[in-house]
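Structures given as structure tokens follow.
Common to both upcoming complexes is subunit A, partnered first by subunit B, then by subunit C.
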Partner chain A sequence: MQNVKRSAHTPKTQTLARLAKLNFLAFGIVITIFPFVWVALMGTHTRSEIFSSPPPFYIGDNFIDNYYKLLEIMPFWLVLWNSLFISVMGTIGAVFFCSLCAYGFFAFEFRGKNIIFTLMIASMMVPPALLLIPFFLTVQFLGILDTHFALWFPAIANAFGIFLVRQYMVTAISKDLLDAAKVDGASHLRIFLVIVLPLIKPVLATLGIVMFIGLWNNFLSPLIVLSSPDKFVLTLALRSVQSLGDSPWGAVMLGTFLSMLPLLIAFLFFSKQIMAGLTAGAVKG
Partner chain B sequence: MQFVGLQNYITALDDPWFWKSLYNTLWLAIVSGVPQHILAIPTAYILVATLRPMLRHIISATLFIPFITSTVAVSMIFYSIYSANTGILNQILVGLAQVPIIGWLFSWAPDAMPIQWLTRSDLLKPAISAVVIWKYTGFNILVYSAGFMTVPNQLYDAAKVDGCNRFQLFWHIALPMIRPFIFFALTLTIIGNLQLFEEPFILTTGDSGGIAQSGLTTTYYLYLVGWEWLEMGSASAISWILFLLIALATAIHFFFNGKQGMEGHR
Partner chain C sequence: MASLQLSNLSKSFNQTKVLEGLNLMVPEGEFIALIGPSGCGKSTLLRIIAGLDEPTSGDVLLDGQWVNELSPRERKVAMVFQSYALYPHMTVFENIGFNLKISKIPRQEIRQRVTQTAAILDLEELLERKPSQLSGGQRQRVAMGRAIVRNPNLFLFDEPLSNLDAKLRVQMRDEIKKLHKAIKTTSIYVTHDQVEAMTLADRIVILNDGVIQQIGTPQQLYNTPVNPFVAGFIGSPSMNFLNGKWEDDHKTAIILKDGTKLPAPVPKSNTHFDASTQNDILIGMRPEHLHLRPAMSEDIQVKGVLDHIEPTGAQNYLKVRVDGQIITATDLQQSQLQSQQPIELAIAHKNLHFFANTAHE
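Moving on, here comes the complex of A and B:
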């Protein structure tokens, strides 16, 4: 069928082009995947095997030793729990409060609404690196340095989430529906919980995905907020074992691999939703 | 706290490390930014124009994986890959020199060993850029795929009737149609790349910007000044200057590309 369509090309150049295209894509995929395969392999080797030549392109038998070594150099499960706790609290909080606030922007008319909404969107333009100092000073002022609270609580009200949910509400919910519910005597809280929330489930999933991945991978704010090793999150704990003298690379690489594993597994099952979520702003742009 | 006028700004502008960090930031922003798009646009076009949706999804999802993994974890992996004496990259280069046909391309490799990717001031920035390109190209491919999918098929058909070949279809039909997407993706790259922190920080083990400060980006320096040296005042001045730099770069981008970028939109 295709041959007929593209009769302008001779079969020979066509096969060549096809071959080049496939090689190009295959090369890209190999480059993309290789570091992940490599880290998984290294997690199963001893230090001397990793540093041997030729490099060990096979699954080693030192996994158990590396695992115990990993527990020696950092409290891995505690740190994993810290990451999970912060990510889950921040995600649940953000999904609830952002949709609540978005409902406010969607359902109510009040003076200065447009100005507040514009200001909120403008705040999204401020590069995160620049918010570091005000964030740190606020946390310090509130006396919540070195707590997990300082990491997940500020995340629950964020302009991106409110904007995302509000935009979705505009397309998914008709004002008539709200009016009908009001005529029936439903309070705003009831309308929000019973009518609006079920209708905006898809965007809540999107927001949840974006929040969870962002919080799980977060490094800069834990770096400036947390100081005691038993409160560290995964990213911070990994960095702290990076420059140990005589680094046990097998154990460090095992820890690195395990820290990525939850998101990788989630991506295996929900790749469509995750990709749509993380490009939400872009694709609608 | 006491009022010191512009003292913090003067300190920052007098500081050779600060100027170095600005230079590094701009260098990295360009070298790690441009290739992302040069790679992503043709890849996205190939994916959209020639592959079935199922295969397209599998490939673009695979290329997207680096984007969802933590930058710290990824940089740790590359830290070991770049390792001079035993890193897999150097071993692969030596290995390639022994492969029959393409070996001569890499014949320089065995003599150059060990290549100190992360502890040579001329190689550190390219090494950092490679990680950034590796991590964000998949995201751009996704954005551009969405762009190419908005191009109506009739346009291609009409152009084919007029005798356009494949390349002309890409260059004259598809590319102009995705201008808004290029504009948007470039904006994200500019803003993101001017704030690079985690990649250089991990690859230099957080040690004052690596050899001769050649990996010191402005955000990295901001962190060192504010949290290692506890000079919040100077750090604030640096962050304002960085803000101006980002605003300026974005404004220049909007000025030159904005009109065309927005135009395909409405």
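Moving on, here comes the complex of A and C:
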């Protein structure tokens, strides 16, 4: 029996299988990374070089000129700061309030709890485009058109975040722990801050990065809310210069590349926690 | 330390009644075990005493004070959970000192009290470790430490030993007993293990279907169970039951289905059962009271056929077919017997238990 089993896994077939797997993964990496590398490379070329044939797939020498051009066509660093401000505020708010709300759904028993939770989940199924006009009307009604507040504040309570954190709590925290803390004399706020928050760090990191990426890449809401160019966010500013007849593509590509860096840095920082958060529950007994 | 009184306590979840009309008085310093089968409401009762659940009706009194609406903290109770419920991200030191920190006790005193507690429980070497780096027995001790460090009014144990292996369980049982002797805090101990209850408790409360069946010392429950449930629950292996009826209207003898005659029960001073008012009677015999020998005076003879033997090392359990059912008898001599061999068992008349057979009513 053992011999039969072993013959199916000779060193040769094993190496071949490994090789196939590696090739497949390498192919995936190239496909994923290519657009980013391409954008980075184009940021160092002039417009005419970019449109030459074959396209220049090497580092050009127009980087400095593109940078000055970029500052000329938009207040790049101000716009980057705007994006950063909105993303950070929205992320911190969402992580805190979503976990607070999730704790409510997790730790308390109250009438109508399941109905409210189901309604909340159901709200995730409404296509975002459908919400644009109601969103605009609400923002207009509240008198916060053309403010950053209108962009990050509505994001801090969202169904996805509450759902994600609550599900994690259910798998990661036993109710006995809450009871033990109550017997120890802790109030609900203290239980949340001292017991629950440290135990759900992985999912907070996951939610944080998802929120940050979402807010950073958000284009539609800034488009309908913001009108003054000095309040623009990156996505909006980069799009607005493309409508010129003679788009300075080198500068736009450089701006696009620079706008990706904060996300990259954030991901490198939190990737360990994110992996832990996304796979949690899979390995827990 | 405090006395605990439960009066007319009931609890229902929606339409399901979990506890019904419970009355219990626990004097200061007593160790009470609450036992019963799974789902009998013992953990719910403990949570109500702790203040984690509210009773539907009835009162909880600590030292004569009505505490229904007080939080666990205000009641000054400490609880040891079945899952230990240690805070995974805190060290042993922080786990034990957590409630002292909440009570805003000065850091110096926290250090002193935690170290003292750790010394009692032999945890001094482990104070800087996280719960995940401890064995089951050590975690159990940390959970105990967390409870005793605060000198509570009342100790509540919710099946604290059920996650340990058999050997460790016996060891921890002894430690709990020693601990209670030393600090004498009023304790309520929930378990489904009757041996644990018998060895630890001053008095035992037996619950079934949310109703107290009997309260008494381990000896009382063993010697004079008030109903077949208590009789069957206390003692291992559990009591044998045979069905009988009065032989005739004179009620001088009980007759089993196979014709065996038993003399009428001697009324025991502390049983509530009046056999003469019943028609169907349940006769209980503990396996350890059934002896493999011919009947002497004062003895009752029970005849049967040996079905099989269960050896346990120290003694054999004989499974004997009597009156169409299998009963168990303890054989300390470990006699050489053959399966299907006719057997004569003897039991002293005073060791027979009589109950109303409510299943036939």
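Everything that follows uses one rule, which is that the second predicted complex is superposed on the first by the 227 of 285 C-alpha atoms of A that agree within 3 Å, B and C clash if a C-alpha of one lies under 4 Å from a C-alpha of the other, contacts with A are read in each partner's own complex, and residues count from 1 in each chain.
Note that in this section contacts are C-beta pairs under 8 Å (C-beta built on N, C-alpha and C of every residue); 3 or more make two chains touch, one makes a residue touch a chain.
Owing to the predicted nature of the structure, the values given are computational and were not obtained by experimental measurement.
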Touching partner for A:L145 - first (subunit B), second (subunit C), both, neither: neither
Subunit B versus subunit C as contact partner of A:S174, first or second or both or neither: second
Touched partner set for A:P127, first subunit B, second subunit C, both or neither: first
Partner chain(s) touched by A:I73 [first = subunit B, second = subunit C, both, neither]: neither
Which of subunit B and subunit C A:V88 touches, first, second, both or neither: neither
Subunit C versus subunit B, contacts on subunit A by residue: B
First, second, both or neither for A:A107, with subunit B first and subunit C second: neither
Intersection of subunit A interface sets (partners subunit B, subunit C): none
Contact footprint of subunit C on subunit A as seen in their complex: 174, 176-177, 179-186, 190, 195, 198-199
Touch list for subunit B against partner subunit A, complex: 39, 43, 46, 50, 57, 59-74, 76-81, 85-86, 88, 91, 95, 134, 138-139, 142-143, 146, 165-166, 180-181, 184-185, 188, 191, 194-195, 197-198, 202, 205-207, 219, 222-223, 226-227, 232, 235-236, 239-240, 242-243, 246
List of subunit A residues in touch with subunit B within their complex: 8, 17, 21, 24-25, 28-29, 31-33, 35-36, 38-39, 42, 50-55, 126-130, 132-133, 136-137, 213, 216-217, 219-220, 223-224, 234-235, 238-239, 242-243, 249, 252-253, 256, 259-260, 263-264, 267, 271-272, 274-275, 278-279, 282-283, 285
Residue ranges of subunit C in contact with subunit A within the complex: 47, 50, 52, 71-73, 77-79, 81-83, 85-89, 98-99, 102-103, 146
